[in-house]
Amino acid sequence: MNEIAALTPTSMQQKLNQWVEHYRQYTNEGACASYIPALKKADLNSLGIYMLSDDGIQLKSGDTEQSFTLQSISKVLSFIHACSSHGISHVLEYVDVEPTGDAFNSIFRLELSHPGRPFNPMINAGAITVASMLPGQSPDEKVDGLLCLIEKMVGRKPRINEEVFLSEWGTANRNRSLAYWLKETGFLLCPVEDAIEVYLRLCSIELCIADMAKIGLLLARDGIQPGTYRHVFSKEIASLTKTLMFTCGMYDYSGRFAAFVGIPAKSGVSGGIMAAIPSGAAMPSNNRPDSGPWGIGVYGPSIDKFGNSIAGVKLLKRLAKEWDFRLL
Amino acid sequence: MNEIAALTPTSMQQKLNQWVEHYRQYTNEGACASYIPALKKADLNSLGIYMLSDDGIQLKSGDTEQSFTLQSISKVLSFIHACSSHGISHVLEYVDVEPTGDAFNSIFRLELSHPGRPFNPMINAGAITVASMLPGQSPDEKVDGLLCLIEKMVGRKPRINEEVFLSEWGTANRNRSLAYWLKETGFLLCPVEDAIEVYLRLCSIELCIADMAKIGLLLARDGIQPGTYRHVFSKEIASLTKTLMFTCGMYDYSGRFAAFVGIPAKSGVSGGIMAAIPSGAAMPSNNRPDSGPWGIGVYGPSIDKFGNSIAGVKLLKRLAKEWDFRLL
Amino acid sequence: MNEIAALTPTSMQQKLNQWVEHYRQYTNEGACASYIPALKKADLNSLGIYMLSDDGIQLKSGDTEQSFTLQSISKVLSFIHACSSHGISHVLEYVDVEPTGDAFNSIFRLELSHPGRPFNPMINAGAITVASMLPGQSPDEKVDGLLCLIEKMVGRKPRINEEVFLSEWGTANRNRSLAYWLKETGFLLCPVEDAIEVYLRLCSIELCIADMAKIGLLLARDGIQPGTYRHVFSKEIASLTKTLMFTCGMYDYSGRFAAFVGIPAKSGVSGGIMAAIPSGAAMPSNNRPDSGPWGIGVYGPSIDKFGNSIAGVKLLKRLAKEWDFRLL
Amino acid sequence: MNEIAALTPTSMQQKLNQWVEHYRQYTNEGACASYIPALKKADLNSLGIYMLSDDGIQLKSGDTEQSFTLQSISKVLSFIHACSSHGISHVLEYVDVEPTGDAFNSIFRLELSHPGRPFNPMINAGAITVASMLPGQSPDEKVDGLLCLIEKMVGRKPRINEEVFLSEWGTANRNRSLAYWLKETGFLLCPVEDAIEVYLRLCSIELCIADMAKIGLLLARDGIQPGTYRHVFSKEIASLTKTLMFTCGMYDYSGRFAAFVGIPAKSGVSGGIMAAIPSGAAMPSNNRPDSGPWGIGVYGPSIDKFGNSIAGVKLLKRLAKEWDFRLL
């Protein structure tokens, strides 16, 4: 506790630098995602972190400039957008908020449970349903709506990595299988190919960890933009989204991440992680820079068997423990 | 926010009284648990709440004197005891900490996943494994160890409701089915009948909502006893336990409870709920009585289709929202 | 036994007439398939049977002229064609011959078993795999090859009911879900949309019960054409196909059909049934017309909850029992 | 065909001798059942066959004297006894006759299907249900009833191998798990421990292959005893039982056994196989000794991954093919 009390931005930055170098070695124990050909090209040993506090403190360390595709991190953004557009209760008619013990791309529960509503929007089935609900008639309109939301969040309209999109488009058999099943059971609200196109384009949006940190901070601030104090999305949506990140955000490792790291976060197989540290997560201590809220972006493309950045998870675990960021 | 700032114990008490009377009407929409004969006798319309803060504030309303059996709430206590006795890492070799989308008494995942480790200690399979790990050679020793832990928590050694125990003992086919399966796969560490006896005796421990509030507060205080400042259990165990309550504590409704109520809680089919509100769950505001930590006990034996107190859930949802107790 | 010994074609015909009229009343207890719009138009009360023996005896009764689409009966023909083209052992690398207890259009076992080979060619997943294996580069070539096989079997090239095909094409979400899953796991040997087109065109082939009887007789004769004594397909293929009809031919009712009717048969949701009575299925009795082999076609578009012609199953049960056609 | 026509008992015996010696070498590719300790002691290289025809012809070759425990072969006998005692329709209220694609000792379908009736009496769940239905108040009475039935079949009351019984009794966790589940869902008609005792005692009945052949012949003769011409059980029961052997008799290999061997048979993990060749299974040819019916017993304790005698299956496949014993 005494040690924490002495924290300053400078001492935090020093720690971050040490930790990034320390955990970078674990990148050799994972591998870049192989099922999306374009992701294989990433630099296995990259590791970077970016932290942004409510007070405007920026801490960054390691490989911070690399942009990467969102992959499953986009599930958070499309869920926020769908809820903002249609209201939470309407969205939840088509996707539940229950964690599952199943793989992110699993289908069997859609068959075994009735009426087959996807269990949550953080698994592929649920995210495809959400993609199909986005406002707009065409895939372009749906995608553009989300890019506009991101522009409000990070200050610029991101690009879509066309190579990654095409790479995923050509290998999306399992997602198409999910989508056709959802269509059959009434949980897909646009044509299947449109939903897949939207879903995969959102997965292919390129951002960097500074952007991740901004989005994380926005969630931590209950949707209120720093500076303008305007709501980009409502507090209810922010709460629900953070809860889903906490219970289902880290693939099949979600329960253990909640247990051992203890912060709301969402990962993608590209190696990105976006985390939101709510105010008061740490013991309140008025003048401490670590009392939150914080937004955090991590990038480390070497992923573990669960699909999470192998070094990124270790880095967040260390940080959450040492700086008392755990929710519980 | 202004309204919250004006909260005093008196105003909180008034609110509680209003809400208890308001939500009591919903008790008619549920029913007392029928699969355990002795539970059917409870008064359907009972509803009571007890809140205990770090500062010693006690708020209580409704039917506060009724004692009831813990049922699944005992899963929290046995998990704490097993972790205290063997260390977290040893316990987690036999039970994971992942939420599932399955029913609390489901078996199919034990067969379909390998090696069949129960997914978490809040479902029956996991709790039976935990019961089998409790220190002691005989069921009596195992149970007595837990009663001693509870004595440290609430100040007296509780009694076991023998009628309820016998009632459950005679109808425990499904739990025996789970236990024999676990025995076969190596996840039961004592004889099956011993494990079932221990498990069911723990389910039959009688406490009241004041006790629930004490235990909840102890969890909220990271295991540190008010007054003595001694650790009844470690901070790590407290964190892990609260996380499991948050992700898996409310049966098949756990994801929605996390999403819509947003506090760590564990329910039992007897209608009890034990909740822990960590410090800082609410926006920090120094002189406010609601800034936590709090422990909460609720009792309302009319349960919904998930097995949770139907009025209790509504009451906690109202309270968490109005007093900003949500974690996220 | 005495009664059976006295059977003549004339007496058999009389019985058939009685039974058809008797069982026709049960058509009101079922309904025409509703999930394929074009099938809803069939005459609910139709019922007809056509039997063809090795000795050239033809017996027919009821509505014998109606043509209908094969639906799942086509699974038998495409399996025969794939085996004839590639050899049994090659085909079985992609589809197994095990019955399942699952629905015909189920997907979960493809996920839960590894490597996800469809369990048999009589369920949709297996039949889609088989369709993808048919010789030919394009869907047209694949379909035409099968039409040519049917021409050899029934003496004319059948037409495809374009209305039914288009109706199924527009509602094939679940089949597409299966096909994309199979593509992902390596059990689809042509593009998904091609496989679906072939599969659905084969389902839409129109034949009549006289054709069913010819095909059934050909199977009963181990693939040897009456008259020419040439093998349309090999004895091994005939044996394997009849076995699959016996163990998996009648949707979820297959086990009970084998148990209570006891003959190899394949049904379609259009209400057709094709059955093959091997020689010697009945007690051998030299001069009896019922000593087999026989081919049987039945049509009754009112189907039960399993997807089988409700009156057709009852008619076959009666006939198999009275004339001792049971295999076992 | 010419070759078959020339078959005589002597030539058949010569063939059998050759084949037994040939297939004995495959015993090294399997292993004796290990999950029942007492079965591990069997002689891995044993292989014997015994054939008994309607005309009184006896053919035997290899290790014919060894007695062995029935294991799953007893499922056939208890099903016959239950049906004889209660009527087929009553028995089928508690156990269905559908094949499954699941492992013989699987439980998940009991949970996923409703109301959870076991799919067939050849899997453990179904056989435990059947054991619970046997006439008699106590396990002893239930078992004794079956021993009396066997006495009628083979001419002497068999003994129960107490060592094997005790060995299984001590390791029956998975069967107990199934039984408690069945109890919970109403598909067990006596106390769980009684059902398990009965089930395991029946598994531990010791017979030899001459007995298997007698029982197989009795099934092939529709339940009619040679000599007395009395029905030991009805033709309906014989038909149903043979059908179940054909569709579900050889564990997870049942579909392939039906497809590639093509005769009704039931195996046990002790390495025994009992088969029934109906009259007329082979092409009828009046003076041929192979025109059936036949009963066959095989013993070869080296089993494959499915639980079937590895050499026994190969021997039966050869014999069924060469002598045209296939049903279809």
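When the chains are written out, they are named A, B, C and D in that same order, and each has its own residue count from 1.
Throughout what follows, a contact is a pair of C-beta atoms (placed from the backbone, for glycine too) under 8 Å apart; a residue touches a chain by one contact, two chains touch by 3 or more.
Source: prediction; values computed, not measured.
On residue numbers, the C-D interface is repeated by A-B, which shares over half of its contact pairs, out of the options A-C, B-D or A-B.
For the pair chain A and chain B, the distance between mean C-alpha positions equals 31 Å.
Centroid to centroid, with C-alpha atoms defining each point, chain B and chain D lie 50 Å apart. In chain C, the residues that touch at least two other chains are 112.
Taken as a graph of touching chains, this assembly is arranged as a ring, one closed cycle with exactly two partners per chain. On chain C, the positions that touch chain A within their shared complex are 106-108, 111-112, 173-174, 176-181, 183-184, 192.
Across the complex, chain C meets chain D through its residues 96-102, 109, 113, 119-120, 239-240, 242-244, 246-248, 252, 254-256, 258-259, 262, 264, 278-284, 326-328.
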